[in-house]
């Protein structure tokens, strides 16, 4: 048993589709301590959601773990049966999804849907569960919770529904909250409120959070660590400051260039990352980002780069850093 | 809600009125009449008969008289069945057809909803394939074929089931099955596709993420959302099946309303045609209102207004 | 320090070459990208359809049935109305005594594959021609339904409001009137005018097809377009909210043009699927009516009337029922399966 809340080692995961095997995760390693906030950043299809979902055994039916281990809070998720994982879901780890408009069942009241998870995992029933549901709604900042608890999802706004989703997720005070693009579908002002709420609740309840997003701006203020994913691999990992002030991978740099910076007086042009995401049915042999990389070298097309470690926990996978090391080593060699 | 129902019922009256008007004029515009088929009739006798049923008057006046009676719930006298009112005939024949149709509906729902749900949840697996094959075959067999084939196998060859009438419980088996085959298959297919739709919804993922078991998520979260298209389909179907299928009643010689209706059309028993049509129309309209109300109970997003 | 040393050794042991670190050319990068060709709606749909084995089997079956019912009767040695004296009520592959004599005499007599009926007509050709009638009714009626239903539905859906209200009430009424009633009455209403019309030059085809069949087309067209109209209306209501419709309107496009160019083309997938599924449903109704004796008239056979006629001799000649029954089943089944396949391939909502 490891000391980590989440300990994923060399996870490989494939989806088997009619078109062939889609290698969604290719050697992903993530470690996270209790109470930490980890941001996973990447574009759609990079494997960020799959990584997080595998912690609660929520991969789609055609998804198969091809190697590695997944450990959460002392449970070996990869070795557990569906029935065993079910006892953890919603209790020790919960999730909020991208689209609050569709994530709640339209035919049941808010209260019913909060109480459902309480009944499943805490044994609270009837009036007790109801009282707890009201309390949870108050906790996530919903006005008039006694009234709201009797309402249906369609009677609430998007921001309120996401608050309800958070209430459901936090009902059993989980150790880990996975937030899968929790603000993408919301208005900008509501986005800020939801992020603020999550931060506030983290302060109160002390759970760990995995924040999945394609938006580096969202993770900056909240996360302790950031993992940048591309084509099923973590291409760069580090503390938030490492990623923002000392990015090493060309993809991370590209992502940072594409965020607008309002502090700068002169209008730096936003630079989009050119090209298409990788076709995961036929993953490239070399670095997956190579075809889109401005500094692409010959070796990038034929070989996958190893990890290059920097100070602290910061590392990246890029031949450019290898090149620097190689040149330095050769220089030292010839100097001898 | 009450206001909505009242409004719907008023709309229903309007529709029924239009249906009655339409039927009345189409029926009377068709060449021929109720007394032509009786060959031995003298012109005098025909005139006397027409006078008795008020058919000697101008068409529009006949229409007004009929509508006046209709408002009082009086559907008139049957021309072919002497001395009996249409109300009496319907009251006598409807229960037989309704029993048969009601059983067929229950059978179709009891088979179609579970099979469709199972197929959706076992998508692509053996159970799904078997159910799809049967359901697709089921909607390719017209009821006159299923009933004759059933009769050939179980009555003629195996001599297991009675082929005619409705005297014993066993004699219900074949007509009910023949009547229910198509709707049961159709409901299975409908249920499967709507269930697949629901399974793909985000709230099903939410339920799973909460730790809800598959079984419970089917019953609590999926079924209630997926059943809506079935409700829409079954509503009018109840009216059609309970007022009697002509084919089934003819093949199994069951004295029901469907048999009576087609007989009335071919013999031009005008009051009987009108009466049955209006009865069916009102039934369909009532079922549609019930469907709307059921809808609102199932899905709170639907507001009746 | 130790760490960096290790790294240096590590990197040298990887047997790398300075050349490896030369920037790659654009061409080299390009060659690695397996470009997924961008596929159009139709191409994508047909590709999915081809991959669907059941749908392809159904398509083959549909083509086979078409050949059997439209082409084969043209050079079949018997005609559907041709009565052979002395060959009444033969079983499958049986010969009458006269025919046996002719065979004795060295003549070649084509076998009655399914036997003959009570008038000495070859049953196999009657089943084939019966299928032709059913297929014709199915195809023509569906085309009419497509035409009327899509136009009606498009107009109601596009204009909405009061127009929609009135138009949909009419649909409701048609839905409520029992169809058997309308069919029986209309067939009688139409009989006389059609007969008269068939004598007008240019309309003699009515006699060839039979006034009953023509009146059946008209009845179908008048009755069964309502389902199609509802579906099209629903689609148009959703589509017309799209920005490109607003844009077209802002550019001064007329209503007719918007309906034709923007709305109909966008629900063409649904139209194809609904029409394909309408064909078996029309055949279903036709066989039902013919079974009741309300469909096409003798001597023209239809699958329904053949099945109905076979009922009386069910004890002795069950195959007389099985043959048309099987044809009805196969026709409806293959069209249904094809329709399902088309829906999976072309209806984007079903894409999963």
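Worth pointing out:
Going by the order they are written in, the chains are A, B and C; count residues from 1 in each one.
In this text, a contact is a pair of C-beta atoms (placed from the backbone, for glycine too) under 8 Å apart; a residue touches a chain by one contact, two chains touch by 3 or more.
Since this is a predicted model, take the numbers as computed values, not measurements.
The interface carrying the most C-beta pairs in contact is the one between chains B-C.
Farthest chain from chain A, judged by C-alpha centroids: B. Centroid to centroid, with C-alpha atoms defining each point, chain A and chain C lie 49 Å apart. Chain B and chain C have centres, each the mean of its CA atoms, that are 26 Å apart.
With centres taken as mean Cα positions, chain B sits 54 Å from chain A.
Shared interface positions of chain A, defined as residues touching 2 or more other chains, are absent. Every residue of chain A that touches chain B in the complex is listed here, in rising order: 56, 58, 86-91, 94-95, 97, 99, 102-108, 116-117, 120-121, 152, 154, 165, 168. Residues of chain B that touch chain C in their complex: 15-16, 18-19, 22-23, 26-27, 29-32, 136-137, 139-145, 148-149, 151-152, 156, 196, 200, 236, 246-247, 251, 261-262, 265-266, 273, 276-277, 280-281, 284-285.
Across the complex, chain A meets chain C through its residues 18, 275-276, 279, 282, 284, 286, 290-291, 295-301, 308-309, 319, 322-323, 325-330, 332-333.
Looking at the complex, you find that chain C touches chain A at residues 3, 7-9, 11-12, 16, 18-24, 28-30, 32-34, 36, 51. Within the complex, the chain C residues that touch chain B are 169, 172-173, 175-178, 180-182, 184-186, 188-189, 192, 280, 284, 287-288, 291-292, 304, 307-308, 311, 314-315, 318, 321, 325, 328-330, 332-333, 336-337, 340, 352.
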